[in-house]
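I have placed the structure first, in the form of structure tokens, so that the comments after it can refer back to it.
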Amino acid sequence: MVRIPIAVLLSGALLLFSFNTMIKPTRVVFFGDSITEAGARPGGYIVQLRDSLAAHNRAADYELAGAGIGGNKVYDLYLRMEDDVLAQQPDVVVIWVGVNDVWHKRSYGTGTDADKFQRFYTALIKKMQAQGIRLVLCTPACIGEKTDCTNMLDGELNQYSNIIRDLANQYNCGLCDFRNAFMEYNNLHNPKNQDKGILTTDGVHLNEAGNAFVASHLLNKI
Amino acid sequence: MVRIPIAVLLSGALLLFSFNTMIKPTRVVFFGDSITEAGARPGGYIVQLRDSLAAHNRAADYELAGAGIGGNKVYDLYLRMEDDVLAQQPDVVVIWVGVNDVWHKRSYGTGTDADKFQRFYTALIKKMQAQGIRLVLCTPACIGEKTDCTNMLDGELNQYSNIIRDLANQYNCGLCDFRNAFMEYNNLHNPKNQDKGILTTDGVHLNEAGNAFVASHLLNKI
Amino acid sequence: MVRIPIAVLLSGALLLFSFNTMIKPTRVVFFGDSITEAGARPGGYIVQLRDSLAAHNRAADYELAGAGIGGNKVYDLYLRMEDDVLAQQPDVVVIWVGVNDVWHKRSYGTGTDADKFQRFYTALIKKMQAQGIRLVLCTPACIGEKTDCTNMLDGELNQYSNIIRDLANQYNCGLCDFRNAFMEYNNLHNPKNQDKGILTTDGVHLNEAGNAFVASHLLNKI
Amino acid sequence: MVRIPIAVLLSGALLLFSFNTMIKPTRVVFFGDSITEAGARPGGYIVQLRDSLAAHNRAADYELAGAGIGGNKVYDLYLRMEDDVLAQQPDVVVIWVGVNDVWHKRSYGTGTDADKFQRFYTALIKKMQAQGIRLVLCTPACIGEKTDCTNMLDGELNQYSNIIRDLANQYNCGLCDFRNAFMEYNNLHNPKNQDKGILTTDGVHLNEAGNAFVASHLLNKI
């Protein structure tokens, strides 16, 4: 029988520990629009995710960075992908875009055609996957929280969400289906058919409950 | 026992017949947009309604007239109500409008605000009821026949249909809820989630089945 | 020679004076959108008009009242003409509308078709003239003050202004052509091709100079 | 004095001639939307350019190829630049785009924001110039030919034309300023203020005169 002196065991453990702390943490970039931009602010879902990881003693395993800019559509992400995402050499990118692609059709006349949305989104995926990045795609959650099928833009949100679901499937990306999750949540928790105030402050941007809801969904995906 | 001579019976029958043929038929005006305009053409639902009445030997009881003009919105109806409807002194008016009020938001930027839709519709109702006209209000059927909640304008069609339902209720008008009827029909008969071709030729205008469907629904209302 | 005692002359003068002060002042209602609404506030052009009349000792000859509501289009004026204008029994109505009819095409998809603009405007004119009201029509001034022909909505503002000019001519109304006046002013006073800040705060609503400019133009028309 | 026999001179001339005919012709790709697509059809400006070159005995010096697709906006060009232009290894590319970037704001709600137009256009320029391609940029000609400043989209056409002019200047590209050229032509030849029919069939697409006009302008630029 071979006896290993305690000193050796201890030094082995220390080595292991040092090694562990030296491991490069998983770098996650959240790439999106104003919802993501707000997510990186105090109370935002990215900050809450960091807190959750810390609570699970996983703080050192992840570096979370927000790369959201208000008003961004899919081709804005495309135009700034190099500078804002690839340059950070992330391991994981969470893409959450689509609300403005639909919304701006109405507010500015500069929304994104569905087929172009699909093409630019595909270009994002291919470029990032070519760099070995793991992707999590998110469907746009809502523009209005009503549950009686009168939100003005639900039809298109569903259409663009379908495009994202198909892409996630086709390119083996993770999928965080906020569109479905928000609709299910509202069906249960919005009995008065309110336009906003359940998970959002204004029908689009997350309130406190919304940020917590999003953080808990993303925790499993990264 | 009193015996009534045949001659008397006969003359009574003749009198009744004459009286019957002298009764003014119920005059029904169909007031609306291109769907109604097409309804008055061969194969259209107004023509089919006439045929149905004839088949039930009720042809003499009704005069049906189309007053549909392509592209009309609620305020177009308002602007031509005097000339095209009131001047005909109808007993019943079937109002079917709303598709263009929603659709033109996208195609021309000149759709109708929901609150103005409600106000002009109310003005139509009040003016016609003041003349003793019985009203049947119809909800806009569809813009796109998909059943997976991706028709671009479903949210607003539902919103404007709600306005019409409320007005029918508030002003004691008949209601022909084509919005509901079309959705139910498509849920059963559109398993491939087609955009058109079930009850419409193009997602909006009625095909043969659509005209028959609409005629059968309206038959009970007039 | 007939001598008239001074007492008689004096009492006659007093009578005349009393009579003069008893003459009903000319009641002017300013009927329009947010620009008119703001015009009735301190510093607004309606208030400035009142001050100008007072400075000319004509304060007692006119009663000026604002009837502007933000966001109004021509058919909004039509819908509230009875309550907000005719009920005040004005002698003169200054109509200033058109900016939102054009602008809302872009911002909400609910602008006014040019032909409907013409029809509702005509309905306003006919109804008011039938009540003996004298009308002053104003063309929409601007949406953006640039002078290099890149204001997004100039084409339509010019088109709708032409409709108003034609109506003023056809129905013998006064015309206050702010569209022309503003363009001429900007060509002289906006050498840096600014989008706003010359006569407006935001390209549409009047700043101090704008209110003074408008007041001076309207002074001659009423 | 050295005498060169005529035979030598002749053979030298022949050699020069052969050499000349062996020189690779300048390959020009016309990259754009439906206007360019139609330009490659019989009667189109690209075909007319070929005829003009032939008439000047320059047919062998140029290869002209159309790469226009109806409905294209600047980012459509961007998405298909590799396949449709770079793969052809052109010496010169004539870019003519912008009409749909403006027009689709109204017709589909999917026009291009001015700043994105500038960014994608810049990306086109940089990519092509990096491959040694000489560029000729064209401003969008017109959407409506009226001369009284009531074309609905003139403001934005002028704005986007300014962007193209600035880019041509900044990146040392050739510029074919059709926007200016068409306006000048219409000011002279459209005295009745027609909406179409001068250089276009429908306000946008070139008629016979328009194709000739465009061909003559491009002849000097390539």
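Think of it as A, B, C and D in the order they're written, each chain with its own count starting at 1.
Everything below uses one rule, namely that contacts are C-beta pairs under 8 Å (C-beta built on N, C-alpha and C of every residue); 3 or more make two chains touch, one makes a residue touch a chain.
On a predicted model such as this, the values are computed, not experimentally measured, just so you know.
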* Working from the CA atoms, figure out how many degrees subunit A turns to land on subunit C, in steps of 5. => 180
* Copy pair subunit A, subunit D: interface residue numbering same or different (half cut) -> same
* **Centre-of-Cα separation between subunit C and subunit A, whole angstrom** => 53
* Report the inter-chain centroid distance for subunit B and subunit C in whole angstrom, where each centroid is the mean of the CA atoms. => 43
* Structure fact -> Between subunit C and subunit D, the Cα-mean centres are separated in Å by 48
* Indicate the residues of subunit B shared as contacts by at least two other chains. => 105-106, 108-109
* To do: Would you pull the subunit C residues touching subunit A in the complex into a rising list?
  => 106-109
* **subunit B contact footprint on subunit A (complex, rising order)** => 105-106, 144, 148-156, 158-159, 162
* Considering the complex alone, what residue numbers of subunit B touch subunit C? -> 75-76, 79, 104-106, 108-113, 116, 119-120, 123
